[in-house]
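What follows is a set of notes on a single structure, which appears directly below.
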Amino acid sequence: MYQHIAVDDEARVAPVLPQSKLPARPGMLARVGSVILSNRKALVGVIILAAIVVTAVFAPVLAPYDPNATVGPPGAPPSHAFWLGTTSQGQDILSQLIWGSRETLIIGIVAGLAATMLAVLIGVSAAYLGGVADNLLSSVTDIFLVIPALPLMIVIAAYARGGGMWVLIGVIAITGWSFGARQLRPQALSLRNREFLESARVRGENSAYVIVFEVLPNMVSLIVAIFLGAALYAILAAAGLQFIGLGNPSDLSWGTMLYWGENNEALMTGSPLWIVAPGTCIALLGASVAFINYAVDELANPSLRGARRKRAKK
Amino acid sequence: ASSSTSQVKMGGVVTIDNVSGSTWTCGFNPYTQAGSAGQAFSAGIMYEPLWYVNALNNNQRPWLATGYSWSRGNRRLTFTIRTGVKWSDGKPLTAADVAFTYNLLKKFKGLDLNALWTVLSSVSSSGNKVVINFKKPSVPFFYYIADQTFVLPQHIWSKIANPVTYNNPKPVGSGPFLLKSCSNQNIVYMRNPHYWDAPKPYISEVRYPAFLDNQPGNLYLAQGKANWGGQFIPNVKAYYLARDTKNRHIWYPPSTSNVQLYPNLTAWPTNILAVRKAISYALDRSQISKLGVYGYLPPANQTAIILPNYKGWYARGLANKFNYGYNPSKAISLLQAAGFKKGSDGIFRDNKGRKLSLSILNVGPFTDWVAEVQIIVKNLKAIGIDASAENVSGDTHTAREEQGHFQLTYDQPGGGPTPYYMYYQMLHSANTAPIGKSAPSNFERFRSGYVDGLLNSYSQTASSSRQHKIIRNIQRVMLLQVPVIPVLEGIYWFQYDTSQIVGWPTPSNPYATPPPYNYPDWAVVLTTVHRK
Amino acid sequence: MIDTSASLSDRSPDPATGEPLLEARGLTQHFRVGGLFSRKLLHAVDDVDLVIYPREIVALVGESGSGKSTVARLLAGIYKPTAGEIIYRGRSLTSMRHNLRSYRSRVQMVFQDPYSSLNPVFRASHGIFRSLKLHRQELGRRDRVREAEKIVQLVGLTPADEYLRKYPYELSGGQRQRYGFAQALACGPDLILADEPVSMLDVSIRTGVLNLMTDLCRREGVSFLYITHDIASARYVADRLLVMYAGRVVEEGPTEDVLQHPKHPYTQLLLSAVPDPHADTEEAPPVDLTEPPRVIDPGEGCRFRWRCPYRVEICDRVTPPLRTLRPHHRAACHVAQSEMPEDIQIRRQPPLASP
Amino acid sequence: MTIIVRRLWFFLITVWAALTLNFILPRMMPGSPTAALMARYKGRLNPAAINALQAAFGLRTHESLPQQYVDYLNNTIHGNFGLSVTFFPSKVSTVVLQALPWTLFLAGTTTIIAFVLGTFIGMVVAWRRGGVVDGVLTPGFVVLSTIPYFWLGLICIYVFSISHSWLPMGFGYDENSNISLSWSFIQQVAVHALLPALTIIITAIGGWILTMRNNMIGTLSEDYVRMARAKGLAPLRIMVLYAGRNAILPNLTGFAMALGFVVSGLLLTEMVFTYPGIGYLFLQAVDNEDYPLMQALFLFVTLTVLVAILLADVVNAVLDPRTRSRE
Amino acid sequence: MSAADIAVTDRPGFPPVLLDIRDLSVEYAGESAAVTAVDRVSLQVGRGEFLGIVGESGCGKSTLLFAIARLLQPPAEIVGGDVVFKGQNLIHMREKQLRHLRWRDYSVVMQSAMNALNPVMTIGGQLKDAMKAHGRVSRRDARLRGASVLQLVGIDPVHLDSFPHQLSGGMRQRAMIAMALVFTPDLIIMDEPTSALDVVAQRSLMVQIKQLQSEFGFTVIFVTHDMALVGRYSDRLAIMYAGQIVELDTTRAIFKDPKHPYTQGLLAAYPSVHGPKQELKGIPGRPPDLRFPPSGCRFHPRCPHVMNVCPQEEPDLYAPRGTDLVRCFLYDRRVMNDRHLSQPLRSEP
């Protein structure tokens, strides 16, 4: 249809030269990559995170000993055989640190993901559905936001004590989603009134399609930022809960290492690394996530991007 | 007791270091038990019992009573009450106060923490005598009646509407110390200048700061700010003793019961004797002690008799004959003899192919227990039992024990001045219940008419030789049937510093159980120690 | 410059004989405003009657906030009207609720803001492909690509294959605008509701779009509702002109007739305010600094009365209905008469008490 | 006006939600206070005593749930929280009121200091964006903010109290002195609060710097800031009154919530530093299934947060005229 | 030869020069390439003049204004040229010195009045702020002066105590203009000050500005998209295209006889409500990407008269009518006399 009409102002102009010699605009991934490479903080974050991930994946290869076995004298100081010394049960601290990265990472990632998913589900639904549903979901979000998380977490974790990692993940996800939902809702709300969504509706799309395929892709960078924030929160919260013994102390993670180190007065009895090492690792992991988040923030919010350019000319 | 009192210097301060896990709430009702107030802070030191029984060795001493006698076939107990004792408000302490106290427990069940009125029928006083009548002979209850019941002033407590919930912030007692001040961080006691046993107490002040957690408590002790500790201190040599080798001491005497594994006798596979025996042989108790708790708790033996405390009760010959001890190969051969076969994964299976896997119920917040059970798990895995630990909260632990929902559970029963108390709690069928019903202390669900009979006859006799014979027979049952598997002997935690204060209990002079958290014993210690 | 006014004007069908394409009767849209428990109603559109015939371009002009976009959204089925009826080819839209999809394929909308009407994460052609997939299910994958190329070529985006691959951020405003058009065209509709399609554009892009509209109408018989602030461009493309003020249609008629003989005082004010660069007169028109009315819970009465120089007593009580004053030309004013002089300039009024 | 009414609604609904959550949670979980009680008096209590004690605790396990709920709400409204199981026979309100001031003091001062300092640094850092200050301070504090604060507390104690006895290692005041309003006591309180406060401030400040910096960068590119420059205002005035004041607004509610986080989150700090606040009470209550205490604490913390949020709203309304007169 | 040399410094019959812009260039630092948003612009504005600037969206109008006022923020940067205002070169001034000139001597009305007012300060407060920055004023004086400038633009002085959000868009734009009049400076720079207004209000405001100008004699630089508006109210007109000024003359002259093909396109694309209906011819093509401007004449890809020379050389400013300036080779004798250079590149459609 409409074959015989062409209102093409550009076609009327015989191109004299190639009109634009624009380089192709980089895609999303390449943009993330370039932001990370151009941002020193993000680069540091990525390197640390990568190192920790590699450690966790190759723990069986990297760890010199079985982390639970008694392999040396109790409470030995750092030595050639035990680089970071041993625990009061004669376990190798380095091996524990290497294996412990696994649970810590898994908690960070899975709890972060779970909280993010809840946040997206509730935040976006609230914004998109509007009306009573919005009021209801927003109130729930606000209530979860206001009700102190740590006590709630402790209450739940205490009752489900001994469930180990998965209980922790559940607890953290339940208490950690509201912040993300609160951030997502206004953005989804601002998208809700964007005309491309109405355009999709006028086109005849159903609501599910609109939410999943038209709304969500527009919030990727915020969602990533929320995920990173939630992961950071999860790592710190899990460490805190494990530290007060609300994890399963038989699990091996940096948090439980702190718990055991603290309960055996590691700082005072000559094996300070038992406490210093896992704490430092948690801080490093947290810092790496925070730095990456920093960069993602800049990606999501262009006004944060780009420092002052040097005055080259003149 | 201590050396001749004439040389004793008066004055000095004892600072107690005992982590309760909470700040103080300044209540001094000797019949409430809270981590922050009540019994542990008033019993003995302000409210005194009639008679002192030392749980370490069953040595006895008069306290508010000057004498007692059993009569009518051990169904009547008569105390002679000390005269000249005054309450801290100046009123005299009389036999009527004593009888009032017992009858108060009858009236308010919530006060009767030791269930005295399950055996008592009446208590009355006349002159300086208090007569206690029993429903049935219950000689072991003497310990609870005389040592664990604290006399209250009638003229004050008779006016209190509900003594169960009475906080008693301004205690009026008869004991060696008076309350000087109390804040949520610290309780300070001062010497009672009108104490009936003058010149005791020698020291002028006792301080009892509150610690929320072990670490700060230990630190406080290690820094020498407290001179009497009742703490679990990891690596105590490096942490505590090394800082002042001359004045700092520890003594961890065994207490009155063991930390042990209760097998569920109603369920496979722990209902199989060979399995229970194999477990007992599989445990490397000295390693459990060494790696789990720095060797502080001595290894227990299968008779459950605490050594050396109850040396006199121990059936050494019998125990040697059975020769329980760390012997993994014996454990394996026992299982094989019982028809178990090792699978390719190194785990035993029975002839139906069921895997011999056991989960050990444990209390998550007790780090020492968790560490111990970790080693037990390793021990059991080594002989081909697929063991695992299940660390739950204290409440869940208790609830599941009582209901019988466990395979093995790690716990410590209560005890008393003789092995009877421990055996009674863990073996008497009165203390058990079917699975799903609440059992007070016989969690393994052991039922034996023979053992019940032995325990019942013990409670009716005051004769030492008969008692010894009964205990010996129970030990045989322990060895033969392995109803529970003792792992480590419970101990009392006791650290003390002699740079200021001396006269502490020692192995050579065990005049009282030494930790500050044991009452009324702490009052005995506090009236014995003095300035250096 | 060619004078095409003769060929452009008077295409409008005779309302008496033509079969309306889309008709709205008593269209009303109220919005709840204020807090959660507020009962205040904003009367965005009140009792609007409107007819669009096939092969017709109807222009809708009026002050900012007078409810033009809301009318378009109501017609597109984005909002459910508070009251009133929309009739498409003789069938009520409410009766079509369940198969709205067929209506969607016949009536399309071009949104006011070309920057927000393309989803930034997809290629700009996403909407065209989705539309083809939804409404032209007979087409296969390759047919769809061919069809899409045809459509973007139609709106002047060549080379088509290159434009199909572009993301919105690679497009200029005018190109986006044309993509908006292309999307609306994809399913071959009878009617396009074009909401201020040129307001944010520079003149050059503007002209291309206007020309495209007239071409489509003339050659393909597509009808348009053309919403604009720019009366000159409305004159350029539209057969009929509707003037809205504060949620109501105040004047309606053939474009040239309304422009030459404005009957409603608001229309007169509007036209007098349009600056004319070609006019030589430097006479300063009077200053009018009155704020537009707020249409929250309005009562009866003419909504223009506070700014109206001809206000009489009845204006305060009775909402004036549309009355035919010239052939096909109606206005909603109590005072206006067919012979009223049209060149009266509106003078500044002493401020009257406003609600 | 309506905004205040709406706030109050939200306040009430949240309190109700917290109360209900509080009621449901412990009852949904396995175990019971009776079990906890039995655990405490292991094997020595006879059923009669248990019943008597339960009655004393005010545990009405025999009542129907809705009945319990109604009673519970009624009691709570009348400030009648009952007796604590853990601190039996103390009243819950006594226990909480004894601990609450300490927590509020520590949480209040640290949150305010962290907020004020963080906001100020964030403001300066954004103003001098890309400069040396920004390059060093910002990432530095971000790293600090990811340190687990209890861990930092442990290390601090080790360094400042054990290796060098510079600061007390715990308690709210010298454990042997009594609470009074004397100057020396106040000094003690300050000295004792120093270390715990420091760890919280150090770990909390990074977040404020970052959010303030981001907000500030946003407002700095606003036209009214450029306009202020165009008007020739002094740079300090622009930074504080134009950019800073607008950038702070979105943070105010966050500040109030942070207060809540800190109040409840002090738990670990209080544990590490033996500080006499409510944090540890909470764990105690949970461990002992001390419904009454738990409920009261939960409520108190929630109320604290809500009151803080209300206050933040008031401050917000003072600072931001737009919230005042929104219809 | 540079544009500055061509700029006529002494124009008989014109008011004395207040602002002299020479070769001003501004760049935005981009991720990959810099955007030259203002490219060697030279311009003179006389006292009391009303200069309109029009051009397509994104051609650098706002950037030029900000550069003149020295209000650019990173990533924008002035990379060359001078702005001589009342004999002082603003480009070499430090912020401290500029502060004293600002507002007193020149003021700015920004494109987005919505956002240019501090939302947390009253209108009066913001007026007072500006006054206090340039000398001591008593509270009373500040209020009096504030009230009088508000009245000038038709706002009731009660709004001195109003916050920006309490005013409508149009009132805010007027308040901005009032603020710019506080000191009655010599130069007022206005960037699309009427975009938020409908035609009726727009007209009223323009009339008001013209009246004030004739009263106080200040100079106005006025940017807009609206040809009609600028045609009606400005004395002189600058047409911008892709960062450059392509035509500059009195408004009347340009409307009567536009010289540059772009200007011609602009005017042809503007329909009118009055007079006969005309077919509109848009300007084909789209504005160039300023990161990669076309070679030679920037307009050549869209120009209907494109010649051989256009893609190859950059046109200078020519003066076909004597006083005006046009950047197009059509008015270059050298080119037009050269057969090869002036060979059309495409035939008229």
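List of remarks:
Order of writing sets the chain letters: A, B, C, D and E. Residues in each chain are counted from 1.
As a working rule, contacts are C-beta pairs under 8 Å (C-beta built on N, C-alpha and C of every residue); 3 or more make two chains touch, one makes a residue touch a chain.
None of these values were measured; they are calculated from a predicted model.
Counting only chains that touch, the fewest steps needed to get from chain A to chain D is 1.
Relative to chain C, the chain whose mean Cα position lies farthest away is B. The chain pair with the larger count of C-beta pairs in contact, out of A-B and C-E, is C-E. Centre-to-centre separation of chain C and chain E, using mean CA positions: 32 Å.
Remark: chain C and chain D have CA centroids separated by 56 Å (rounded to whole angstrom). Averaged C-alpha coordinates put the centre of chain A at 48 Å from the centre of chain C.
In chain B, the positions touching at least two other chains are 215, 219, 365, 393, 396. Shared interface positions of chain A, defined as residues touching 2 or more other chains, are 9-10, 22, 158-159, 262, 268, 308.
The set of chain D residues that touch two or more partner chains comprises 30-31, 154, 162, 221, 271, 287.
Residues of chain A that touch chain B in their complex: 68, 70, 74-75, 88-90, 158-159, 161-162, 245, 248-250, 259-260, 262-265, 268-270. Across the interface of their complex, chain B is touched by residues 30-32, 35-36, 38-46, 48-49, 51-53, 55-56, 83-84, 86-90, 94-95, 98-99, 154, 157, 161-162, 169-173, 175-176, 178-179, 270-276, 280-281, 284, 287-289 of chain D. Contact residues on chain B toward chain D in their complex (touch as defined above): 21-23, 25, 27, 29, 32-38, 108-110, 112-115, 118, 162, 164-167, 181, 183-186, 188, 207, 209-213, 215-216, 219-220, 223, 365, 393-399, 402, 413-414, 425, 431, 438, 440-441.
Across the complex, chain D is touched by residues 66, 69, 71, 73, 95, 98-104, 107-108, 110-112, 115-122, 129-130, 133-134, 163, 165-166, 179 of chain E.
The residues of chain B lying in touch with chain A in their complex are 214-215, 218-219, 222, 233-235, 238-239, 290-292, 294, 364-365, 367, 370-371, 374-375, 389-393, 396.
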